[in-house]
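Structures are listed in the sections that come next.
Next come two complexes built around subunit A: one with subunit B, the other with subunit C.
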Partner chain A sequence: MATPENKLAFDGGWEYSPAPESTDHIKVEKKYELFIGGDFVKPESGKYFNTINPATEERLSRVALANDADVDKAVKAARKAYRGPWSRMKPADRGKYIYRIARIIQERAREFAAIESLDGGKPIREARDVDVPLASAHFFYYAGWADKLEYAFPGRKVRPMGVAGQIIPWNFPLLMAAWKVAPALACGNTVVLKPAETTPLTAMKLAEVIADAGLPEGVVNIVTGAGDTGSSIVSHPGVDKIAFTGSTEVGRIIQRALAGSKKKYTLELGGKAANIIFADAAIDEAVEGIVNGIFFNQGHVCCAGSRLFVQESVAEQVIRKLKDRMETLIVGDPLDKNTDIGAINSKAQLETIQSYLDIGKQEGADIYQSACALPDKGYWCRPTLFTGVSQSNRVVQEEIFGPVLAIQTFRTFDEAISKANNTPYGLSGGVWTDKGAKIFRMTQSVRAGVVWANTFNKFDPTSPFGGYKESGIGREGGLHGLDAYLRLEA
Partner chain B sequence: MSLAAVDTQRKLPDLDRVPRVDEVGVNERVARFQSRSIKKASKVEALRMVLSMIDLTTLEGQDTPGKVRQLCQKAMHLHDSVQGLPHVAAVCVYPTMVSVARKALEGRDIHIASVATAFPSGQAPLNVKLEDTRMAVDQGADEIDMVISRGAFLAGDYAFVFDEIAAIKEACGDAHLKVILETGELGTLDRVRRASVLALHAGADFIKTSTGKIQPAATMQVTLVMLQAIRDYFYDTGRMAGMKPAGGISSAKLAIHYLVMLRETLGNAWMTPEWFRFGASSLANDVLMQIVKQETGVYQSADYFSKD
Partner chain C sequence: MAAKAERSKERVAVAKTYKIYIDGKFPRTESGRYFTLEDPKGNVIANVCRGSRKDFRNATVAARKAQPGWAGASAYLRGQILYRIAEMLEGRREQFIAELKLQGVTQRAAQKEVNASIDRLIYFAGWADKYQQVFSAVNPVASSHFNFSVLEPTGVVSIIAPDDSGLLGLISNVAPTIVGGNTCVVLASESMPLSAVSFAEVLHASDVPAGVVNILTGLRSELTEHFASHMDVNAIVFCDGARKTARTVQELASDNIKHVVARTDIDWNRDSAQHPYLIRDTQEVKTTWHPIGS
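Coming up: the complex of A and B.
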């Protein structure tokens, strides 16, 4: 018998029992110090800040707050290590240390995954299957380059840059650390790394790994703190290169601060990617791609497919299937192995997302959210769609960085391209079609650093990543990622 | 009955409008179902559900009345040392064995499914297939598992396949019709999707993956594609149709992953023996072993579970 309006029912009936990942095997200290010159040292500031579990709002640990003096110590330690052993070491030996880091991360993968999930709110399934294996893969990949740099740039002489200041975001804490640290070390640089203030724990675990791997002291220094700590790294005269991943807003501030200085920089900033579904696409797989594109990591992904363009002839079908699929997404305890969407990373981010939900409604968009129940404590947002929007809506133009998708329709190829490119961003894009020729035309026309065809949010250390326009400068990953940490000479 | 007499309500759909299938995407989706962790109460409930959805099957050239009676006994008494177990949904036999099963299952709420239409190859003229079907129904079959003419389908003669299914459906009378696509012979998931749509519109009450005589038989990939076709058919018509993966599902763990896939593709309304079946001969014992493990905390030797 048909239920009303031929609607599928996903609530009630057979439910999955809780399947929480055990946290018995992990150790989170009550307090974390700064990692400078190979030691864990108390901050000159004398201050500590809380890092909380966004799923429970409970404090996980207290973490040292680095001020100018601490950053200065870290940069000096990095400089000493750079002059001393690291830049003069046989490249194959540098590679050996990086391989060690990769292997230790693999060995401690379960611990890293659980802590990443606890501290950041992401589902354990993603931390386990994506973040941690990819982080390890980046170290493995760049370890291999350490003694082959001349082959990467034939006919050129390669020299390291010196001390790299690296500032990373809270959405993929360990993975972003790996993206930054691995190529820097492989190229012979030393590092001062600042993790985001809401997610410092896996970086501090990485400090343990680096100590265990026996890296010479000062090669990697990790200083924790918020924006002020970051700004102190950026403006420190002893830093030769800045690598930043984060918002376009902060990227602009950094670029201004660096203007006129000799510091090199790479910036990986925001995005508002177009995910384009043609009528001849494999529709059901495309719906999966939409879900992965926008709901992966609660939408806290700079390359998220947050603008969906569906060819008008299949729009109704796609949206219907998408809504039904959203009903099966499990939102809740990030440590549960069945959770699809975890906690929003912080209270501040939740407020930002909620303000955009209000803006969308005020602008007259139709909002749809799945019916899932949310836990009482913690920061949560239901997977959300906006339909009835156009390019002029703010929820279409601005990066929301949450599980919120804006859906528009198009009629022709050219219209899709023109709308896709009608954004100040240009980090990523997606195209779904059964026609190979259309894929090639699309990838040549979309002004974005990465374009996925018939898939989305796929990453590999061998593949460069980075933005056009206001999405950033420079590339990370692959051979291109080496370029960002080397001085090339004739 | 001639083809002209076939119910004119049924119309061959435009197969060009059937969505394409991307195999890489299907594999990824299946991997997601398999990463679901089903524990504790949800596992026990699932195991019992699996038992109740089994079509206990014997389809051998060497089948005898004795063998079929033993199968029926097993269908009624899966494992009497555990109280309150469900019974299987049906037994599945050849048409010649339907009367034996009917007698053995007298008065019991267990359906009799019979394969028909020159199973497993389907290489016979329509009148022979219709006669085969009517004979099974006359002998007391509640459900008919027919095979499609894969040769005609692969040759592109969709109208022929469609009309044939519609004619068999007429011949079934009140018996439910399960249409076996024999996905292992169709070669691509695109063809599986098209054959599913064709069978559903031709009047199938259930669509079924395989005869069990061809490898590969049921896989989660083909089953997902068929479930999606059932969902689209429901969206379009409001009519529910059932799904039966058959062959190759012999472990409880795999069967539970099928239930996860069913739940997340079609929802709760389909999670009953009325709408979902497992065609299997050895699955029941593995499920029973798991149920006993859940109750006692230890795995028992396979020798504690009857083999019929």
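Coming up: the complex of A and C.
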């Protein structure tokens, strides 16, 4: 920690004693089966895959690999549950089951946070303070909608879609499951959920919660596997609606695969958000916002503020302060409560990030990385800045999904907007200024679904989230998030 | 075309050359191609422009250029302009009725269609400054932030207008698209293209800025794929496509994650064919956060 650059460590460098979250209270089984029709069942394939701790490269558990036959079983179980108890149940009772899920997650929050951190590599502080409480809050919010849906869409009657197939990513495993499952259930649908192959554990824990909450069997089914399992859900004729969160590349394949079917779909895809700092911003707050924007969750965030635009007159100051701040960031053991940046989620993702670091350098950008120490084992990436980049650089145009920030400058408002919008993505954006009028004009001009003014990376169950342009179709969260799981009729 | 008029003792009628409408101008198709529209007896009514991919691309450039300005116009102004379109159409009722009849629609049905078209424009004109209030939200987030969600236009929309409803079908899809601040490129009905071209003249006289609505005539079999695949189009509204066409549209739309709005099996004459959810179909939800503090 005590590096010469470390100007923010006022006494010349703090040494933090380790403060690891204990894991002796959590239960991770040696093996996880598929959750179909209310039971934990063996996969038809007989195959299992490893899920590993990216901070230690050690195996945490073995998880069932679902094939077409398993997906078919899950869809049939979901259909049966839909026809049977779930769509006929009193909406208020449906809501009560969802409330139960919210409550049990709260009761087991500590365990969920630790497992999320172990399986995905995210800092325990984030899992504890963001992922798990938000997941519970999401169930709590949508539970209340179950018997109030008729008030959400004036002039329309609402009906559930039927069976929802849901495919979620590895960056916020439990939270994304909550984003998908909670509104689907509230609207009267049943679910086949596939967690990401590198982070299946909290979804399997959620299966336990759902069983403990006494939901009728088959209302939620969870099948684990990789891309093939996902594509089996997408193409299954018994699925009425697909909800996908992941890369634009896969989203495109899914949209194409759904062509000609009657399936409704929502896609929450990639991003390359502009975070725009005006000279009249509160600079220290803005620097915190930049750090939160790109280094939160190792930058594994689709709405990460991965393109920084700084007004020229303050660029030098902002970049200097940002570098000072980066030196204080602790990269390491995700379970340690001091850790700011945990492990990169997987070896494959680390390789992707590293390839972009090489590309950035080859394209002539200047690279800066903090001087922090990295653990010997596991997958790690130092917080990284690129300066001297232009709009056409690949590190400016393409989603890296890591702690890598590309910095550009601007002089005028119009220049900032035109650069910010020069991307096929449109998920999120940020603006920092003390002028109210500028905030309004800016937030109106950024072509993105979520815009944070003088803040960044904030989420709430009541707040719709989703992208413009190639960042996706549809919204999740809030009243607007109900739409994805309902048929609106005259 | 003018043969009948010549034989009569009436004055020699001036036949109209039907053009396309791009960026507020009325060119013929750049391709120089045409297809003939015939009456039931096989007489040629018009040599209609057989629009090309290049026409469509030009129209899309115009639509993109016009979009920020149109979206930036006040809701009040957009409403007034839609109302103005209705006024202009009202003044030309007879022309539109005659033209529909020329394309095989009965007098009664033509009258009904023109009346409904005018009324539909008024309907959506009225929504201009209201849909936002119906579909927006202030979201009670748990943290100390002010958070609200509003609708914004998705951008440039390509529209394959209904084939069986040459005027009303077109207006029923164009009006909700543009009232929300989008601009559009429309492929007119192939079997009844004349009303669309004359409607462009109405638009032209109604203070609709150039490029906000662009109207092409041509063959669906040729142009649909371009309407679906263009990388600078944000959404495609397609009406009465066969299942195979729907599939192709979806597949091509995925190139840039276009929104696909399928409006099939809709009787555009019915009142139920007008509602604000048609506006919402080509809108995005934008959520804005700001801290609350000192």
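As a working rule, the second predicted complex is superposed on the first by the 476 of 490 C-alpha atoms of A that agree within 3 Å, B and C clash if a C-alpha of one lies under 4 Å from a C-alpha of the other, contacts with A are read in each partner's own complex, and residues count from 1 in each chain.
Definition applied: a contact is a pair of C-beta atoms (placed from the backbone, for glycine too) under 8 Å apart; a residue touches a chain by one contact, two chains touch by 3 or more.
Please read these numbers as outputs of a predicted model, since none were measured by experiment.
Within the superposed three-chain model, A:464 lies in touch with subunit C and out of touch with subunit B [touch as defined at top]. Residue contacts after overlaying the shared chain place A:80 against neither subunit B nor subunit C.
Of the two partner chains placed by superposition, only subunit C is touched by A:256; subunit B is not.
Look at A:455: by the touch rule set out above, it reaches both subunit B and subunit C. In the superposed model, A:443 lies in contact with subunit C only, and not with subunit B. Within the superposed three-chain model, A:475 lies in touch with subunit C and out of touch with subunit B [touch as defined at top].
Of the two partner chains, subunit B is the only one touched by A:19; subunit C is not. With both complexes placed on chain A, subunit A has more residues touched by C than by the other of subunit B and subunit C.
Applying the stated contact rule after C-alpha superposition, one finds that A:490 touches subunit C and leaves subunit B untouched. When both complexes are overlaid on chain A, the residue A:320 reaches subunit B alone and has no touch with subunit C. Once both structures are placed on chain A, subunit A residues 454-455 are touched by subunit B and, in the other complex, by subunit C. Residue ranges on subunit A touching subunit C, taken from their complex, read 137, 154-156, 248, 251-253, 255-256, 258-260, 267, 269, 424, 439, 443-444, 447-455, 458, 460, 462-466, 468-473, 475, 478-480, 488, 490. Within the complex formed with subunit A, the residues of subunit B that make contact are 19-22, 24-26, 28-29, 35-43, 45-46, 49, 228, 231, 234-240, 259, 263-264, 266-269, 271.
Those residues of subunit A whose C-beta lies close enough to touch subunit B in the complex are 1-3, 6, 8-19, 125, 129, 280-286, 288-289, 320, 324, 328, 337-338, 434, 454-455. Residues of subunit C that touch subunit A in their complex: 134, 137, 139-143, 145, 147, 149, 152, 154-155, 234, 243-244, 246-251, 253-257, 259, 272, 275-277, 284-291.
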